[in-house]
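The structure follows.
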Amino acid sequence: MDEPIIRTRNLTIRFGGHTAVDHVSLDIPNNTFCSIIGPNGAGKTTFFNLISGQLAPSEGKIEFKGQDVTRLPAYKRIRAGMGRTFQITNVFPDLSVLENVRLAVQAKAGVHYQILKHHRRYNRLIEAAQELLESVNLADKAEQQALALSHGDKRKLELALSLALEPDVLLLDEPTAGMAIEEVPAVLELLAKLKAAGNRTILLVEHKIEMVMSLSDMVVVLANGRLLAQGGPQAIMDNELVQAAYLGGTG
Amino acid sequence: MILRLTHVSTFIGQFHILQDISLEVPAGEVTVILGRNGAGKTTTLRSIMGLAPATGGTISFMGESLNGLPPYAAARRGIGYVPEDQAVFAVLTVEENLRLAMLRRDRAGNERLRFVLDIFPDLAQKLKQKGGSLSGGQKQMLAIGRALVHDSRLLLIDEPSKGLAPIMVEKLAGALRQIKDHTTVVLVEQNFNLASAVGERYVIIDDGHTVQQGLMSDLQADQNLQRRYLGIAAAREGGKVV
Amino acid sequence: MDVFVNLTLSGLSTGMMIFLVASGLSLIFGLMGVLNFAHGSLFMWGAYAGVWVFARTHSFTLALLAGMAAGAMVGWVMERLTIRRIYGNVVAQILITTGVMLVLNELLSATFGPNIIATTVPPLLAGSWAFGNIVVVKYRVFTIVVGFLVALAVHFMLSRTRVGIIVRAGVENQEMVQVLGINIRQVFSLVFVFGSALAALGGVMMAPAIGAVNSGMGIENQMLAFIVVVIGGMGSFLGSALGSVIVGLAGAYTAWFFPEASLAVNVVLMALVLLLKPNGLFGMGGE
Amino acid sequence: MALPKSQPAGLSRRKFLSVSGWVPMAALLLLALVPALSPSRATLNLLTQIIILAVFAMSYDILLGYTGIVSFGHALFFGSGAYLVGLIIKHSEPTLGYLLLAVLGTLLFALVISVLIGYLSLRVKDVYYAMITLAFAEFFLIIAQKWRSVTNGDDGFSFRVPTMLQHRVVYYYLILAFVVVTLVFLRRFIHSPTGRVLIAIRENEKRAEFLGYDVLKFKLISTMVAGVVASLAGVAWALQQQFISPGVMAVDKTIDALLMTIIGGTGTLYGAFIGSGLISLAREYLPELAEIHPVFGHWYILFGLLYILIVLFFPGGILGTFRGFPRKRKSQEER
């Protein structure tokens, strides 16, 4: 509990001459709901990509549950307890919705190299997948091809995939991006539910600041790749540096 | 009317995104397309450009039909397009990005380049930098500047304020006011403040249909209409929690 | 010392020959990302056309022109009928260009028969200069010069000209280039045709060096070209040039010192590079 | 579209144990009756060939249709299986014991080589796999051609097979058993949890990795299974031909597998039989038509064109839907 679940030290990545994430040192305590905000181009998604292992940092290190994971490939971080969603919908288009989630459940269950048993004989995997679909209100679309889902439903499926991994840290990259406005409240409700469960850390990147303030225990502000401020939502709202970053520009 | 869409219908895959879009854009003015997320605003611009070819209806630009034209032909007729995600070429320098849009190297082209660097002084200082190294706001300027260098009689700009800090939005509004003296602009915008600050006319799209169009001043006066179609977007600008 | 110089010269010239084949592949595959499995067939069409014309006219210049024209023509037809539909879809490219390779190779063997056809080095380029124990074969010097010129010309085209800017921009975002009023498909077609002509040029140059053309030379050289692009790194034109020289030199030295290993050296070299620097010596990184 | 339906386990299990459905069963029955109906040596030989090549093509389908990777050196496995069994038997005695030893050696070789090639290339890009398999196949082809003291070079060599296998009908039934076992194994494989992950990788590799799957390892499993099955097909081929030359390892063999898989239909397994049947029949009979028109002498042109048309316009192949590459394109676009 005292040990932060994620700890970055001088985390830096450069693309050519551009420093997208610039010496960010951050401790994220266990079981918190933490939002990462900042103006466009602040490096939020890049920061996510560094934590989840999609990008390798130019400098600095990342610890997860006290272990140095800086050079660990993505799939190992996922197995160690991270789960993430993507800004752009990222599912298995030709498979059924249920099969999408079943694959995620299978990954969590550690059924990797079983090559002679039929996958449907793992009843518990299918049941777990169906339960997950119910929790994101997709149960009635279980047999549909993922490709044919509406955008909002794809986002929900994406969320279900990550939840299936039962991650200790859930990285959510703009879960409402591109959603029809009337679909947003359902996602917010789901986030609130996840938070209420209280058994995991949630890291959220979001543009719609107002939306996340009420949910967050902690808010981290990035600007131009640097860590500008961190603290409780109210403190962040009142922080003059933050206001300046948003109002006064950073450029 | 420099641009006229009549009963335009567009499919993307099996999805009927635009079902009945009819709108008119008078020359020399800024027309703002408003509507909720997913209403079909971006697709409308893409259909005009030929990027999402219309399957029905007619699109005419300066009296000639654009239906069936590939995007580069629409561009050559004088339509500039600034997509939602800016699409600045990361591998090219700022200067190369701008030069790429200059189809002919003539005096007029050089003048337009000077004009662009005039209204976006930030770019003038970064000519030799790679596009990929710019900040979000600078990329947006470059994307708009690029469309201007390209001698556009009509400029389609998709959500330029998206994700920009308020100060950047301010700068952008200023630039747009300068631009509209030179070309006709069609702007897709969620930020109602920006939309009403620079727009003269509005078109509201909902579920792939045009539902209302007219003068921006009328829309500003009509709270009812605002709430009906733009409700949340407008409220959000007021800083209230959704 | 003399041995060393001779080996280096011969390695360089082999390298440049490989580079001529690889330069087209480097443009088409390395830069535009189109994996053309019929590249070797284009090379072979160039070689056969060159040999055919040279046998009739005894003019190597005409042979060069004819070979490149044949490559460009076949490349153009191929682009129009197939490649055009599958930009950006690598699996489809591999599959379809393989079919094209079958058809192109079979057409050649239907026309020229399955047997090897002998040819010679043009008189002007035949023979060698001797400096003491150092023997400089004229034709080798010629290939080095031609390879060097092609490398310079293409590099200049990519980095300085408008076409170069368009190609680089188009590789990044096709749609946006179109929206600026540029018919990117046309530019890509042009690059494809140009790359095909380069492959064919490699064929014309190669034929006199080995003294004959045969139906197996396509796939062999295509493989070498690919190895060179992998070693140099995708997307790096100069990397391919350097890769070619490395492969050429390594081949020459091993052939002298460990003749048994000379067959394996290319594959081993590639395996080493992939093991130590998976993106090639000058690669741009992953996707 | 065969969407997975959630069924009670018992029901799916029964279906799972059968080769699946009536058509394959009927076909199998028919094939089993052939020796009784038409005992002609030529017919049996041709059918045996078709079946062996179909197994080869099925192994290719595991790579292309189920995992979405293209190999250009698949003949390496087919050919090494053939060479190993031929060499071992030639240099020992034609007994079943040595045959078994040869099969084991083949399996080991296939496993080692597939892991080696896969590790070198798949780490970088799937596209590399195509070229690097080709390079390795050429490498072994050159060994087969140049190491004359052992392989007799381009002339090849013949060898005696165990007496039991010399009888055509016996061998035919053995091959039938072989194909049934392979088919059941491969079907189990593709429906196993591991097989489903392969399909997931074909659909969206990045997502599979972000579910915690070690994508490289799964691809390696795919290449291992494909390599092993292909080399067993090569063993069967050698035993039938009783003669081996470098041709079994040439690029043409790989391209045959590719043609058979695509024309039959990728991602279907059974398509391999259709593809293999068509190509073998064409190879057998089309050259005879060359007297009518010379184009039949160059029937590869026809097949090349047919193949291109199928890839471009009928990606389903003759059987089923070709889900490998159109989907691949989709998921790339979505990124």
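Residue numbering begins at 1 within each chain, and the chains themselves are lettered A, B, C and D in the order written.
What we mean here is this: a contact is a pair of C-beta atoms (placed from the backbone, for glycine too) under 8 Å apart; a residue touches a chain by one contact, two chains touch by 3 or more.
Bear in mind that the values here come from a model prediction, so they are computed numbers and not experimental data.
Visitor: Max contacts between which two chains?
Guide: Per-pair contact counts point to A-D as the maximum.
Visitor: What is the distance, in whole Å, between the centres of subunit A and subunit B, each centre taken as the mean of its C-alpha atoms?
Guide: 31
Visitor: Report the inter-chain centroid distance for subunit A and subunit D in whole angstrom, where each centroid is the mean of the CA atoms.
Guide: Once rounded, the distance between the two centres reads 42 Å.
Visitor: Using mean CA coordinates as chain centres, what's the gap between subunit B and subunit D in Å?
Guide: 54
Visitor: Based on which chains are in contact, what kind of graph results: line, ring, star, complete or other?
Guide: Graph shape here is a ring: one loop, exactly two partners per chain.
Visitor: Identify every two-chain combination in which the chains touch.
Guide: Every pair of chains meeting the touch criterion: A-B, A-D, B-C, C-D.
Visitor: How about subunit A: which of its residues touch subunit D in the complex?
Guide: 52, 73-76, 78-79, 84, 86, 88-96, 98-99, 102-104, 106-108, 111-123, 126, 130, 142-143, 145, 147, 161, 164-165
Visitor: Under the stated contact criterion, what part of subunit B meets subunit C in this complex?
Guide: Checking each residue of subunit B against subunit C gives 49, 51, 70-72, 75-76, 81, 83, 87, 89-92, 96-97, 99-101, 103, 146, 150.
Visitor: Under the stated contact criterion, what part of subunit D meets subunit A in this complex?
Guide: For this pair, the touching residues of subunit D are 1, 3-7, 9, 12-13, 16, 188-189, 191-197, 199-200, 203-204, 206-215, 217-218, 221, 225, 323, 327, 330-331, 334-335.
Visitor: Using the touch definition up top, name the residues of subunit C that touch subunit B in the complex.
Guide: 162, 165-166, 168-169, 171-173, 175-184
Visitor: Please output the residues of subunit B touching subunit A within their complex, sorted ascending.
Guide: Listed in rising order, the residues are 14, 36-38, 122, 129-130, 132-133, 135-139, 162-168, 171, 232-233, 236, 239-242.
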